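Some structures to go through are shown next.
Paired with subunit B in one complex and with subunit C in the other, subunit A is shared by the two complexes that follow.
So, the complex of A and B:
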């Protein structure tokens, strides 16, 4: 209950009031961005919580009204659709956390206080537990049986890292000028392009990762 | 992205239906729909329209671009130009598939529409294949 109150205050103090429909649209955008980005993006847990509240309210309403069978079916269909988006979003995040667990934990522990966290509180706890479990599992299954001089290894060097150079498709939602896209030529020329609203492009993820964060482009 | 997810995204688009029942406004989380009155057209999301049609509660009005004349013109444009033409609808393939499979009797000359859309699709795919080398 305390969480609910905190959430309401957050909504009115820091953000413009959004309707449930707006929250749903933003959640869909976050879902698609998370799906196509090679690295873990910022956690939109406030959107998820807001939607979960809406779903709960709607389900309570539905249990209350017995007649009007017809409307119930339509509401249930919509609830199923929204639940699918939420579960898919959370699953994608979890699989990225598990795949790059060491990288994400390292980033989280090293971040500045001014930067926002990419992991929600629950995700952070999960990531730590997963990392510990993975380490103890590998130790007991394989490393213990190896010759002593191979038993220690540097986790920083061997951890899998997301491939930020992978190519992604994007759609521009706000005009951007002077985006630097480095060309990989021998002369190391820097190519600067302007992004027009509504245009679709394919390019490497790294140069536009900041734009995805602030919402000026969306991945497709 | 698998085909089911692509269809999921396309289903958010709205179409006009003509219901045969009456119902007050329905307050969905994603927006309001209705009120429904028999015989009067109303705009609903595609997923709802398909469901209502399957339960025989409405007729679906085909979107404007799903007309034989317009599709024929579009096909000609695609053939004439070596580059891609702006398409009538972002999700034309999915919408066409859904509507043609569940509401065939609501769409005039459904078979012709199906053929034209398939032709346009083939032409665009061929352009993609041919130009793949220049993209890379």
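So, the complex of A and C:
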């Protein structure tokens, strides 16, 4: 890939050196996870920003290259591909934010300080204005004209919520023991399985949502 | 004349259900008003019955319950109708950009146009806030297959300056071999077509 353009990049949270190739790999993983997960996942805006900076650097380098150099075409293709991944990732997030806007805002307002936010700052601003726009539209066009006892717009009851029971394919990236897949009920006992690295499974999203978050499985 | 309560509201739902994905039938203000009118009438009947019950009359509760259920159903249908229209209009922002084609815009109500403009603005603000210089998310909607593509110009546009400074004359039916990223929005607007 971008052999000449690899350089060290510091991940500000953990002081770990990551090359541009590493960042891209992590971004690809985040993109696929986001695509297949039924709910909004944690925002990886640091990866996005880092990659955008890389792209800018690479584009500057390319303008300085001799025109007609064959490698320019290859590099430009790579840049186009990376841009596609970034925009697709952000688009998928936006569509989930819009679809489940009330659910996401509610979660954000109710979360503990220790939990991290699923929405980046900019996404939060976007979600708020989208929710307000939608609500004021519905209210001004219909609800306002309805009889007084129906004027409450109960968002908790009417808001769409992500289906956490939907089935997803996953690939195990780190060995996991004792994952509880089904809880104990009168009909059957706890179903506990062990996940082996490299194995692929299809199962409900809900039991493994935490594993997606910490990176021990990735969705495919 | 409606034979049962909620019939008109159901008409609205059917209208949307029948129309194909991606199209938007004209905003049915008439039927919407009729549903609101039905709701008003139902409510007034209920007010009367509630008053009579308080005054001692018996046997009215079932009627009140029934009318209330119809009211709730009407409300649900109306909100579903409006919400689903909004979803289709939202898709159009991503397909057509900020300026909607005239024949589509005709089918939107005034408030829907207002919603669309606010949505566009919110989206624009968000895109500008990404990274240092902003990022246009309505570009690069498909995975790139090649760097350059053949395009044919469908209308006379005039001079067009490409990224590296060369000026191209875009005349109707002229063909060009251009960077995909530069043509993308022109293709979406219908000014050019991609020759496969």
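Definition applied: the second predicted complex is superposed on the first by the 200 of 220 C-alpha atoms of A that agree within 3 Å, B and C clash if a C-alpha of one lies under 4 Å from a C-alpha of the other, contacts with A are read in each partner's own complex, and residues count from 1 in each chain.
Basically, contacts are C-beta pairs under 8 Å (C-beta built on N, C-alpha and C of every residue); 3 or more make two chains touch, one makes a residue touch a chain.
What you are looking at is a predicted structure, and each value in this text was computed from that prediction instead of being measured.
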(message) Can you tell me whether subunit B or subunit C touches more residues on subunit A?
(response) C
(message) Per the contact definition in the header, classify A:177: touching subunit B only (first), subunit C only (second), both, or neither.
(response) neither
(message) Under the stated touch criterion, which partner chain does A:48 make contact with: subunit B (first), subunit C (second), both, or neither?
(response) second
(request) Considering only the touch criterion stated at the top, classify A:35 as touching first (subunit B), second (subunit C), both, or neither. (result) first
(request) Could you tell me if A:156 is touching subunit B, subunit C, both of them or neither one (first, second, both, neither)? (result) neither
(request) Based on the superposed arrangement, let me know which partner A:94 touches: subunit B (first), subunit C (second), both, or neither? (result) second
(message) Just checking: does A:70 make contact with subunit B only, subunit C only, both, or neither of them? Give me first, second, both or neither.
(response) first
(request) Name the contact category of A:84: first (subunit B only), second (subunit C only), both, or neither. (result) both
(request) Indicate the residue numbers of subunit A shared between its subunit B interface and its subunit C interface, in ascending order. (result) 73, 77, 81, 84
(message) Under the stated contact criterion, what part of subunit A meets subunit B in this complex?
(response) 20-21, 24, 35, 51, 54-55, 58, 70-71, 73-75, 77-79, 81-82, 84
(request) State the interface residues of subunit B toward subunit A in the complex, per the touch definition above. (result) 1, 8, 21, 23, 26, 28-31, 47-48, 51
(message) For the complex, give me every residue of subunit C touching subunit A.
(response) 32, 36, 39-40, 42-43, 71-72, 75, 78-79, 82-83, 86, 90, 109, 111-112, 114-115, 118-119, 122-123, 125-126, 129-133, 135-137, 139-144, 146-147, 180-181
(request) Spell out the residues on subunit A that touch subunit C in their complex, using ranges where they run on. (result) 48-49, 52-53, 56, 73, 76-77, 80-81, 83-84, 86-88, 90-91, 94, 98, 122-123, 125-126, 129-130, 133-134, 137-138, 140-143, 145-150, 158
